[in-house]
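Each of the two complexes below includes chain A, the first together with chain B, the second together with chain C.
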Partner chain A sequence: MSAVSLQVDNLRVYYRTTRGDVKALDGVTFEVADREIMGLAGESGCGKSTLAKSLIRYDGRMRHVSGKALLDGLSLPGGRYTKVSLIPQYAMSAMNPTVKIGRLIADLVRAHGWSYRELLPELVRRLELVGLSADVLNNYPIELSGGMKQRAVMVLSTLLNPSLLIADEVTSALDVTNQRAVAETLVQFRDRGFVTSMIVVTHDISLVYQIADTILVMYAGKLAEKAPAEVLVNAPKHPYTRLLISSLPEVGVRHATRKLTGIPGRPPHLLNPPTGCRFRDRCPLAYDRCAEEPPFTEVEPGHFVACWKAMSEGSPGENQEACAAERSGGTPW
Partner chain B sequence: MVMLALEGVTKVYQVGAFGRRKLTAVSEVSFDVGEGEVIALIGESGSGKSTIGRMVLRLASPSGGRILFGGKDITGIREHDYRREVQGVFQDPFSSFNPIFRADRVLHMIREGFFPRLNNAQWMSKVEAALESVSLDPAQVLGRYPHQLSGGQMQRMLIARALLLDIRLLVADELISMLDASTRIDVLNLLADLKQRGLGILFITHDLSLGHYLSDRTVILRRGEVVETGPTTEVFAAPSHAYTRLMLESVPRLHQKWESK
Partner chain C sequence: MHRYFGRKTLIYLLTFIVAVTLNWLIPRFMPGDPVLRMLTRTSVSNPEAIAPMREYYERVFGLDVPLWQQYVNYWVQLLKGNMGVSVWLFPTPVTEVITRAVPYTLALLIPAILLSWIAGNKVGALAARRKWLDNTVLPVGYVLTATPYMWLGILLAWSLGIVGGIFPVAGGYSFELRPEWSLAFVGNLFSHWFLPFLSLFLVAFGGWAIGMRNLIIYELEADYANYLETLGAPRSLIRRYAFRNALLPQLTGLALQLGVLVAGALVTEIVFAYPGLGYLILSAIQNQDFFLLQGTFLFVVIGVLLANFVIDVIYVIVDPRVRVGMQGAS
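Here is the complex of A and B:
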């Protein structure tokens, strides 16, 4: 991996509520390298969107408790309008319905101190790159399909070549064919240098596996595991990641031939999270040591995991075999 | 045995100012659902899959064609009788519950209409049996408010509500799309158990892997028309229509990356 682009160090962000602080992001440390696409996966309420938002701007309910995030040496949030760009969830539905897309973009570009006329050739070039004609600038958002709107939003949010693009569930509202086009556009933007590095937030591990270099899995406000995409999917070490991956129905898996199982229980409430490992109550491998909080440690180069068991085992072969045994029950595709 | 049959069902909506333009949401769709059979109705947005579900539930009426249930046209069946045998569960469990009331209110609301003769004890034992059949612990969910339940628990409670009526057909419209990965599979397995007990399921989804996991037969829809239909294993192993192939190629899979175009 090349130079580090984003460095997050022990970041804690809580939500203020009348009943106390909800510890949505509780001590998160990781790095994203230059030109890296990092997938950020987890279930709802695990803190992934909070992490994405806290790199841009704290809203009124969010309270920064400790830690810091540095992007190319610049502290985040800050200088956010050019260095970091966020595509929030449902961004495509948030386009102003009363103005044409061209005017919407012109307004935003001017607000950043650029001239729309100067940027127009580049804008048209990028629209064509994602398969949109320059005519969409004269369309109202309602005249475009969901996939087209999402691609227009992506061009808009990367027009000023941000260092970091955070894409929060950009594909989840789309059909499979559009989903693939949008995901591949993200990779293309990185390859062409429109964005330096990228965090793709999603609940869909199989989608992010297609495009990401590394995947970070979160659970209940903490990091569970980070590894290169191939390793995380084929040889995960954290029990949560393993159970999560084995519970995903795939094309090729049928109930009659191979019954999948879910993870019993539900994530802890983050108002008063339990001490120690937060996955302890649902974990089939939990033992005494789990009452103590496991640190997020590098067990192999580039493979981080927060689990006592995974750290003490250390032998990747064992996990791979377990995984392979699990897989072999399915029908060959 | 054929339980539900759609014969050339068409739905035309009037859109635009004064309804001058016509939009054909569903066009000449025919398929059937047998006793204890799961049919996956797969399509992208705008394919008319939900419209078909709504017509089967009699929430919308077809503009053309017929829907038969047990050999009778459903428009000729008394609504009360029809509801006893056919029920639906929809995508968003969070909007199916009124947050002001306790969650089990959805169960009690059907008592007066369908079970006026049961006394309290009989009713409660029926409710508990229904909850247990969807693997919910009655002690854990009765008397709770919606925000105290997880999405998976709420969806199961809605299925329990349908089961109270001894239904024969369940229309599951994107039933698990909003659930988390770890609980999603439990609800899918529950549907598979219900199928084994003889319940027919019309499983409407945009997610090919979910459809494939559960169904006996698959109907692929595109812009209101059936493009391909057949036994699920065949449709997925050897799709004959270009559109089905395109969809299958686009599905993100674990352990296998997209082939570059």
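Here is the complex of A and C:
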């Protein structure tokens, strides 16, 4: 990877509630390189949406506690739309229903000091690239299908060539065919230089694996593991990542004979998170040392992990077997 | 488009027929006999004269034929523009009585409805984004909208009219003046108009302001507002969109509230003895004046239906979703 684009350093963002602070993002440090597509995965409530939001816009309940995020030297959140942009989870309802799409885009780019007329040829070119005709600019959002709206939003969000694009669960509301198309469009946007780097927030590892260069796994407000996509999926080191990946259904496996299982237990509540490793209660490999918080360290080039076991043993194959055996309760399938 | 308006016209036509029928029925269900009432008023001493007089009046009012025929006659005359002769102001035709009263009612209603709607929406939208304004507009709005029109009217008449002595409390203009196009008369007309207008305006204003405030807050939470904010759109742009979208339910509200506002205007007129339709309705009921009552009701019904139709048309112009719905149906 070339130069570093996004640098997040020990970022802590809490949610204010009447019962105290919910520590949704508790000290995360990572980098995203130029032209890197980083998948950000984890189960709901792990803090991945909070991380995405804290890079673009704090909502009223979010409180910045410590740390910083820098994008090409610009402190985030800042430079919305021109530097950082978002494809929201709710792309279907993201556009004002009573304004024509062209008018909406014109209002928005003018507010950022651009001329709509000058941008129009490029806008039309990009619409055609995602398979929309220029006519959609004269349509109201309700006149478009869900997939068309999603693509229009993708073009709209990236029109000013932002340095960082956050795609927040963009495929969740789509059928499988469209998911694939959207994922490929994202890669194409990066390849054509519409966006410099990208964070794809998702809970669908199998999808993000197809497009991401690296994948970052979060658990309970902390980073668990970051590695190149191939490595993370094929040789994960963190027990949580392993369990996450082994709970995915596999092609060719008949689930009538082999029961599809998840990870037993639930993630801890972040109002009063446990000390030490936060995955300790659910981890089949937990031992004494896990009472102490594991640092997020680089065990191999580009492979970061926050687990004492993974750091000390460094032999993924062995651990994986142990892990799998533990999960199935030692009984053969 | 044609289909939409065709369907709407049919609905309005049906409503009109039902309303006219009810108009005709209601006075006839009232206890009492208008002809008998006229006879007592004439104070004829000769009992033999009563029977022919009765016969004469019944013929004049068309009450000497069977009920079904009265109904048919009513429709026939109505389509000719004839609403009969007033019992109360015999022998003035009902149309003439109504034409004299209508300007007063319209002068009250139209400014009260439009100004309260516009001002209420503006103030409500402002309240949605300023804390201190919200803290004042909301309670004041709730009190105003919960106040009955006539009660607020009485309160205003007492405070600004009797105690303050600023405005007259009754009538359309002072008795010592003659209707003419002079500054003195118009000024006098205005001072008589102001209090009834104000009571109508204030009650409606409270309702619109609260409605708008809630709608704006809801719109600013909507996905599109969030998305625009994420893309760094200025607040003014988001507010402009939110205001426009929030106006649509308010427009529906206006269509629904028209009837209530008209009824409010009628009782307000009674409080201020204002010579409009409301005052006529009261007199018509007190004098068993079938024809005047029918006429005024009919006028109110036509007015409300027309206003609703106008709102339907405006809705088609401002909301693309309604337009799309129409295309989908055809």
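In the analysis below, the second predicted complex is superposed on the first by the 310 of 333 C-alpha atoms of A that agree within 3 Å, B and C clash if a C-alpha of one lies under 4 Å from a C-alpha of the other, contacts with A are read in each partner's own complex, and residues count from 1 in each chain.
Going forward, a contact is a pair of C-beta atoms (placed from the backbone, for glycine too) under 8 Å apart; a residue touches a chain by one contact, two chains touch by 3 or more.
Small disclaimer: the values here were computed from a predicted structure and weren't measured.
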First, second, both or neither for A:157, with chain B first and chain C second: second
First, second, both or neither for A:243, with chain B first and chain C second: first
More chain A residues in contact [chain B versus chain C]: B
Which of chain B and chain C A:176 touches, first, second, both or neither: first
Contacts of A:19 with chain B and chain C, given as first, second, both or neither: neither
Contacts of A:117 with chain B and chain C, given as first, second, both or neither: neither
Shared contact residues on chain A - chain B and chain C: none
In the complex, chain C residues that touch chain A: 222-224, 226-234, 237, 241, 244-245, 248, 318-321, 324
Footprint of chain A on chain B - complex, ascending: 44-45, 150-151, 180-186, 188-189, 192, 206, 208-210, 212-214, 232-233, 236, 246-258
Chain C partner contacts - residues on chain A that touch it in the complex: 56-57, 79-82, 85-86, 88, 90, 93-100, 107-108, 111-112, 140, 142-143, 153, 156-157
Chain B partner contacts - residues on chain A that touch it in the complex: 43-44, 146, 175-177, 179-180, 183-184, 203-207, 209-210, 233-234, 243-245, 247-255, 259-263, 266, 327, 333
